[in-house]
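Working notes, beginning with the structure itself.
We call the chains A, B, C and D, going by the order they appear; numbering starts again at 1 in every chain.
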Amino acid sequence: MKERFIEIFIKSFAWLSGLLLLSAAFVIIGFLLVKGVPTLSLSLIFGDTSPADALLLRRQVLTGLFPAMAGTCLLVLLSVGLATPVGLAAGIYLAEYSRGNLKSFFSLFYDILAGVPSIVIGLFGFSLAISLHHYVKEIYPCLLISALALAFLVLPYLIRTTQFAMESIPSETRLTAPALGATKLQNIAYVLFPRSLPGIASGVILAIGRCAEDTAVIMLTGVVAAAGIPGSLLSAYEALPFYIYYISSQYRDAYELQTGYGAAVILLIICACLFLAAFYLKNQLMDRMLYRQ
Amino acid sequence: MKRECFAETGFLGAAVLSASLTALILIFMLFLGFPLFRGGCFFTLLTTPWNPDKGLFGIYPMLAGTLSIVFLSLCWAFPLSLGASALISVIAPTGFAKFCKKTVQMLTGIPTVIYGFVGVFLLVPFIREMFASGSGMSILSASLMLSMVISPTMILIFTDTFESIPASYSAAADALGASPVQKLLYVILPYSRQGIFAGLILSVGRAMGDTLIALMLAGNAVAVPGSILDSARTLTAHIALVIAADFDSIEFKTIFAAGLVLYVFTTSLILLVRIIGGMGMKNR
Amino acid sequence: MRLDIIKRSFILTGIFISFFFIVSSIAPAGTIDLFTSEKGDIKISGGTAHIPVMKDAAKQIMEHNRDIRISIAGGGSGVGIKQVGEGLVDIGNSGRKPTDDEIQKYGLKLFQWAIDGVGVIVNPQNPVKALSKTQLSEIFAGKTTVWKALGGPDKLINVYTRDNSSGTREVFWEKALDKGEITDKANVVVSNGAMKTAVANDPYGIGYVSVGHMDNSTAPVILDGAEPTIDNVKNGSYKIARGLFSNTKGEPKGLVKKFIDFLFSPEGQQIAAKNGFIPVK
Amino acid sequence: MTENKSNEIKIKTVNLSFYYNRLHVLKDISVEFPERSISAIVGPSGQGKSTFLMIFNRLWETIPDARMEGEAFIRLKNKWVNIYDRSISLPELRRSAGMVFQTPNPLPMSIFKNISFPLKLSGVIEKQAVDEKVEFALKQAFLWEEVKDRLSDDARSLSGGQQQRLCIARALTLDPEILLLDEPTSFLDAGSGQIIEDLLLSLKESCTILLISHYMDQIRRIADRVMELSGDTSNNS
């Protein structure tokens, strides 16, 4: 009798929590879509500038989301561009060259770095910029500093995904090239690395997602409310997530609030696309595409 | 052979560079917050209130704010995640379980700022009307939204643990005629104890490190909160609010104290997870 | 393979960046004479009361000459003064007069281009529309905690304040609260805009904001008989007034000087007036 | 059993022992293999047959916690070398001692790229030389006729037997002096196995072949010598 009661209790608790979570998620996303989707239009993005002029940078967009979207884009490209080479190389080192104590030492450091709150990384980037400013007058909190700080943020993820992707290659494949006289580097370059590309690529895409959504780091390292499209790496810039944060607390009128909903929907769509892409890569055997002669 | 050597050095260089960042961040915090350590001032900071008008720069209220928001959000998120993972791994029919898991995976990809945004316009007014006390910007609102942010990851860790139980255990339970719930209670949960604990700790780290939810929803008052409907400020939000441009003012130095506290906390959590993981290896 | 990918991503980034440089260096003709054939960046940060004026001015300038980029950040007066002092921005705005210490330490040059007031606001639904200075002090000190005590509904008062970097807070604290206590239970918001938004959304909230930022989403509170309007600030009957400053480190030069000049030009002063401030000219 | 005309020793081991962690798999083996012959290695599973093959191209060194004692020599280009000497270049050793595994392991690339892969590794890039080598190796491995029109197809689209011959061809591109085969026919049907056996017989003229096999009839058909690895002794017959 008691068993039966426990059984029913646990079952209903599990269903309750599952449904609660799902419905909360649907309420959040639904609310955003209902409020945000009707605001989507070209003028939301480009304001009163014509899209062609804006995209070719012939005219600045002063009232639309375009500068924020371009800022986010540049930021993501830069930070992932900076983090990927280092992350992959360190991941390869961890998977193929390091052993024993050295390996656990390194992975401990990466785990700690992965756990450091993003605002602390932002604070680090900010103090780095200020310290450098005392020597090089041109350096302020800016696009480059934000990109660097974001690169620090995603570096441990890139290292770990690369490492796991390489380590999960079966040993038959691992031995093929050495048996044919490949050196360690040749084995990595021709067999192991290409084989782990799908895993690594999905890791890179998730890193892109993290860079695109992060707000805490960029808040301290150079994002501003209004800047236009950044003219150089050392300019301040706008970004979508910061725009959403900014609007949520200080919209001036109903129209600005609408643009906030619009920006949130756009960011949601971008992140969903990135996420689906990573998912697709992970599940597809992408090597077919990569290896065809 | 030269190329081999060159490449290995390059890979090693990247590994060392990345690892040194971890140390570099700590060194920066220590160096810039260093003046605070002289005369035991650092520990005074951890126990005194914040009131720059009166020359008080303690971060005790933020420490209390962080701990209460993290604790409360785990109070919501932990049972919810445990229940949802049980549903996904054991109880729900396969099709629905798959759907749930896909949805949960999607949820991990939603930007935090979006949770915050929806919180400001949906949850805060709701809480304000519901409890008719305070502005709605409160520990309660922040912890509810934060639990939405940390639950998906926690569920994924739990379901992974549940599903990693050796097939022979599971088969043995089935052969003895155990119902799914009995299997969960007597086989899966005891076996997954360490995984659950590790997932819990990692979630504490995530909750503690989150800035935006608290910044947008908790109200940022600098008093030590007395109830869950009070406004509060976390260490992370404090850093975001006090950021300034000089190295001289005491305000500025105290945010390094806040950064240092966060760094030390999250690092100890990682170490704790490692120790648990190590114990798990030995036990199995 | 690996090198290829890295190379490719570098090249891509490079192309992307140089694209911006190239495209942005083709010079057009501007219509605001002052800025014709100028180019470069101006970085502005600090006082949040200034932001609408800065945005409008920047928009006018950038619409006519897209080689000029003006970035505007908030942070509050304290941040503005420190950042311009440290050379992190070109113009640091402040909603209070920088202290003598600050002026001396950083070698600041002050430009006051408008006068503003700081007024108390509540939600329009709130029947309490007038307070005495004493009542105000007690509310902000956390001694009066329910609206009922002031003739309002039986609800708790939600006090909103700004962080310490705020010039608006400084002026309000000095002139309205006579440096009295502000309760640490108060919600803290980051800008004038955020203050207005917060009180507009909270039926039981009370806060203070630049008079220029007031609109019908919130209701002004008459303080000791004087309503915080721009006219009352002008004629001196509303006392909590302050200047809006744009500060530079040393004498401004080049583009920055032109920007400051623009603020004092008829167009610039009109922008200030349109945003609810009292122009100085 | 047929003995070859010239029967000089090609490979020998001296007091060879092998350990995985504390597990002692090969115990004090001293053995010699003559050139231009097929030597079969037999014995119950778990006695280190595969490990024994990997001694000769030092592939075991990639396995963590493995340890070897004793010495191994191969007569390469008519000169005896201690293959565990420091001066030995590992890639070169592995190019002279080709290895084929139990499961066919074509790399996920085209047939042509698979065969030319070892050439790429050793730095041969001249197009014509590569083409000739690939053709020659495929012919040697009895595969040319079947694949000559589809060289750019994915190697994994071949049948199991074809894949195994591809792997042998791949090992042959570098003109190895020794071929190490680890149960090359165990996953193939009888027909494919037969072709591989014929292939090995034809290769024995140019290579010294060490072959692990479970099939006594196969050994009877093609092996010149048999070495048994059992519990604690190795019998060389």
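Here, a contact is a pair of C-beta atoms (placed from the backbone, for glycine too) under 8 Å apart; a residue touches a chain by one contact, two chains touch by 3 or more.
Quick caveat, the model's predicted, so the values are computed rather than measured.
Considering every other chain in turn, the ones in contact with both chain C and chain D prove to be A. Relative to chain A, the most remote chain by averaged C-alpha coordinates is D. Centrality by Cα centroid goes to chain A.
Contact count check for A-D and A-B (C-beta pairs in contact): higher for A-B. Between chain A and chain D the centroid-to-centroid distance comes to 47 Å (mean Cα coordinates, whole Å).
In whole angstrom, the spacing between the mean C-alpha positions of chain A and chain B is 18. Note on chain placement: the centre of chain B and the centre of chain D lie 54 Å apart, centres being C-alpha means. Here the spacing of chain A and chain C, counted between their Cα centres, is 32 Å.
The residues of chain C that reach two or more other chains are 86, 88, 189-190, 198, listed in rising order.
Of all residues in chain B, those that touch two or more other chains are 243, 245. Shown for chain D are the residues that touch two or more other chains, of which there are none.
Contact between chains, using the touch rule, shows up for A-B, A-C, A-D, B-C.
On chain B, the positions that touch chain C within their shared complex are 49-53, 61, 124-125, 128, 132-137, 219-223, 230-231, 233, 241-246, 249, 251. Per the touch definition, chain C reaches chain B in the complex via residues 75, 78-79, 82-83, 85-86, 88, 155-156, 158, 160, 163-165, 173, 179, 181-190, 198, 201-202, 204-205. Looking at the complex, you find that chain A touches chain B at residues 3, 6-7, 10-11, 13-18, 20-22, 24-25, 27-29, 31-32, 35, 85-90, 92-94, 96-98, 105-106, 108-113, 115-124, 126-128, 130, 152, 155-156, 159, 183-185, 209, 212-213, 215-216, 219-220, 241, 244-245, 248-249, 260, 264, 267-268, 271-272, 274-275, 279.
Partner chain C is touched in their complex by these residues of chain A: 56-60, 62-63, 74, 77-78, 80-81, 84-85, 88, 130, 133, 137, 140-141, 189-190, 193-194, 197, 224-233, 235-237, 249-252. By the touch criterion stated above, chain C contacts chain A in their complex at residues 1-2, 6, 9-10, 12-13, 16-17, 20-21, 23-24, 41, 43, 45, 51-52, 54-55, 58-59, 62-63, 66, 69-74, 86-89, 189-194, 196-198.
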